[in-house]
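Shared chain: chain A. Partners: chain B in the first complex, chain C in the second.
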Partner chain A sequence: MSQRKRSKGLSSSQMTDGEEDCSPSQRDQPFQDQMNQKVSELVQFLLVKDQKKIPIRRADMLKTVGQKYKNYTEIVNRAGKTLQEVFGLQLMEIDTKLHTYILIDNLPRAEGEYLCKDKEKEKMGLLLVVLSFIFMKGNSVKDTALWEFLRLLRVHPGKPHKVFGDVRKLLMDEFARQKYLDVTPIPLTDPPEFKFQWGPRAEKETSKKDVLKFVAKIQGKDPTFWVSQNKEAEAEAAS
Partner chain B sequence: MSQTSDSGESSPASRGRRSRSPRAQEDGGDTAGDRLRQLSINEGEDRDRDHNRMIRIQYRKLISTVQQNREAMLNSKSNKLTEALEEANRLFDGVSRAREAALDAQFLVLASSIGKEKANELQLEMSAFDSAAFAEDLLTFMGINRTEVEETDDPEDIPGGFLPSDAWQTVGQEALKYLRRAPTFHYMMGSFKSEPPVPKQRIERQKKASRGKAERAMPAQLKKMESSHQEATEKEVERVLRILQTHFENDPNTPISFFDLVIDPNSFAHTMENIFHVSFLIKDGLAKIKLDEDGLPIIEPTKPTRGGEEDNRTGARNQVIVTLDQKEWKEIIEIFQITEAMITPLSQTTEDEMETE
Partner chain C sequence: MAAQMTNAHRRFLQVLMSNGITEASQARKLHQHCCEIDKVYYAHDKLDDFISTINSHLQPLFMQIRKGISEEDGRAHYAVVNLAETEVTKMASDYTETELELFRKTMDLIILSENGFASSTDILNLADQLKTKKMKKKEAEQVLKVFVEDKWLSEKNGEYTLHTRCIIEMEQYILSNYQDVARKCNICHSLAIQSQVCECCGIGMHLPCVRKYFRGQAEPRCPKCNEFWSCDLPGTSQMGSHTHHRAHSQA
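Let's turn to the complex of A and B:
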């Protein structure tokens, strides 16, 4: 593709930002083809990359598209649109400093069985329980408190669990890297103690209100039973 | 509270206040400080140094006490955190250098982290979330069987109920309703799950195996060559003996000239080789060399059945070193009129070797 064509494409993309659909004729066909190609590649890349649930770095996305594409932003926007329209997934930036992205399910929850691997399902069960505990305990818990709570559920951090294996690793490594949990060491503690909070992915994939609903359902109570948590959840939902 | 007012009123004259510290543990340090102060007001530097060291010791003591009693500090009924903060305040009055101030800052970090936790726990009490009850309800949801006791040797396990194996699946199924997690791929036939890592391993193993083979093949080859060489020597010695014996049996009355036997008119190297092989026959007592009436060496095989041992001994006792250079070799060929080798070269390879030589 010649320099002239590309620059022409760029300027038109700037002019018609967000309304590509109505102005294909303004651009030349080879450019369009290449754009579509790049968008498809990025969509595929994002879908595959999301399998591990570790936030995707913008640098890696850029690498997929190719460094020379100056209209990178447009390609990302169009990939996001495709993901939304075809897969019902939303591409979200969860860290504006590190520029990392995640995909979340954007469709209303369907009834019935969820298509999900058993292993994954079990992990999600544990995750939601941990998230519930953190939220109900005031959005931040010490590791010792969390282990104590999990022990009640027959999950012991020190020894391998028959479903989860190394639970400590699952929480502090896997969930932390997937940004479901934020694990920060508490300064000046010996032996080191950790603080568990919700990670940015947890905030996107669920909400305080949903978690409170879950707790309420399990405990057979109304969410308003927990006054301060309910207030917090409502405030978050309103914002 | 009395302490607070104490520190408040004495802050302008902090030095004086130190002597009436209410804390027993600091008494030693304080009296030492006082004594130092009394020593000499003019020796300012010395006094300052000791004073600063004392402050550092007290700060470190305070920090470690607070760290060790973290749980006690967190207790909402205790005033320990306030007391510790007041003490730090009092210590700070004596601080004049950044080094001590840094310790004060370190303490402040610790104190504020405890303060934050304390505040958190306060919030909990208001919200009345009972984690133990939540855990119990979760276990019920998981379908715990409380009448059946799980058999376990582990004392860490809490008795009182048997969890079905799909307990976490049940929770997971429910949990998915609350999480907008993007679904991950499945393979409809379920067979590609563990495929990707396998070829990698295979490639690695193959590489390793082939490398190992190559390494192992090298010494094996060398061994073969060595052994074949040894065998070749032994075989050659036997062959030479057979040739010698055949000639002797064909004509027992004519002595065989040593030179006739070993000299190969076509190859000096082969001649050398023959002499080398014959020397084994002599050494092993299978043949003997003696001089005929003309003083020329003749060779004949010994008869193995008769008197072999004695001959062996005499043969072993005599050691003869023969020199033969290329010039002499040519002379011998000429004089003895040797036209062909009695010991024929064995194989093509030896011929090749000879040609290169």
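Let's turn to the complex of A and C:
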């Protein structure tokens, strides 16, 4: 009640009383205005956070909407719908325990356009190479195998790279944080070893079929050359 | 009332947002590219309609694709701006309190200056006077570099001015927060940071607007007070009295 009053800037009790006498649809207007306001604030907040592709915590979304606000779920749903309809972005909960969300590009991918709309083209190129390697090696690789593979491409994890900077950090911190890669420590290894897999953002923003096409193009072969990977990619595309 | 958005519109919007700022010829190419990918109607002269469709859907969110003119070369640029906040919110999430303070102070210097430039020496001298936390000159230098990379400032020969992106996004903020000092161009009536000012009546004009307005005139006169225009015309002088002329005189 007090919130509604504030949002319309009314202070006299007389006017509030008058409001109570209105028909239900009229009485709903300030409420709808406030809902719209909250939805647009949340959309803006999510867009700003998305610029860095860092997962967004529900607690921070709540803070944006206002801690006490009861219609939280409806606001989140409507913000999600707006993001889809206007921006082609999907609001997705990636961790139901920690309640973290990311925005995923939900537009149909164009032929030959791999994750590459971004201004950080080179980084995305490296990411695609890493995702390809993981997929071709059965969807999971050890860090030692990955570093060895990258060394062949003259990208050395220990040395700062001209474009990528600290490559180890790029893969294990940045790409992992952005949910392109899942990096999990392998238990009981000393020194610690890590397992690399596709993260949920990679699953959504590219496909096994596209990645296989990319590999095939580079190697000058047909995707069917890799029988099991091709089967897996086709199965994913059909699902 | 509003036309439907297609995936081409959404794609265009996504790229514009991730670019920060997009030059008009780039935007025209992108328009065509998006329409081709998503197989929707394309006409090369319909970019404005295409954008206004997007804007009608952005309006309830207090956002807008806005066109702005580069103060340097007069070319048009597009950026997605936030109309709701007057504060520097998009920046607020990217930078620390101290970095934002340095930016605000730099903006003060630029806007209060005569020609729209602040020298790096003057900016770096502010670094140890910041209220939030003092900054070493080295640090401040680094932060300025990031502001340039992120297209909030642009730098020329050790002098800094506001980037076109910054002007498009913050025009309203600057006009309302620097009411008495922020100048509007006498020709195009938008905010003028880098400008020439009439010594007689004090009106300002963008350099590209000056160039256009006085084209072919042997004795240029101020459009307002009709006095002789006292500044060297941009791009025509040998020895500029203003710092931003240096690049021209070198060329």
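The rule is short, and it goes like this: the second predicted complex is superposed on the first by the 202 of 239 C-alpha atoms of A that agree within 3 Å, B and C clash if a C-alpha of one lies under 4 Å from a C-alpha of the other, contacts with A are read in each partner's own complex, and residues count from 1 in each chain.
Here is the rule we go by: contacts are C-beta pairs under 8 Å (C-beta built on N, C-alpha and C of every residue); 3 or more make two chains touch, one makes a residue touch a chain.
Only a predicted model underlies this, so the values are computations on that prediction, with no experimental measurement involved.
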item: Touching partner for A:N36 - first (chain B), second (chain C), both, neither; value: second
item: Chain B or chain C, by number of chain A residues touched; value: B
item: First (chain B), second (chain C), both or neither touched by A:V163; value: first
item: Touching partner for A:L89 - first (chain B), second (chain C), both, neither; value: both
item: First (chain B), second (chain C), both or neither touched by A:K49; value: second
item: Contacts of A:D105 with chain B and chain C, given as first, second, both or neither; value: both
item: First, second, both or neither for A:K70, with chain B first and chain C second; value: neither
item: Residues of chain A at both interfaces, chain B in one complex, chain C in the other; value: 47, 51, 89, 105, 113, 117-118
item: Chain A-touching residues of chain C, taken from the complex the two chains share; value: 5, 7, 10-11, 13-15, 17-20, 37-38, 57-58, 60-63, 82, 84, 89-90, 93-94
item: Residues of chain A that touch chain B when the two form their complex; value: 47, 50-51, 53, 89, 102-106, 109, 113-118, 120-129, 132-133, 136-138, 140, 142, 149, 151-154, 156, 158-159, 162-164, 186-190, 204-206, 210-211, 213-215, 217-220, 226-229
item: Parts of chain A lying in touch with chain C, wherever the complex brings them together; value: 36, 40-41, 43-44, 47-49, 51-52, 82, 85-89, 105, 107-108, 110, 113, 117-119
item: Chain B residues touching chain A - in the complex, by the definition given at the top; value: 63, 67, 70, 106, 109-110, 113, 117, 120, 123-124, 126-129, 131-139, 141, 156-158, 163, 165, 168-186
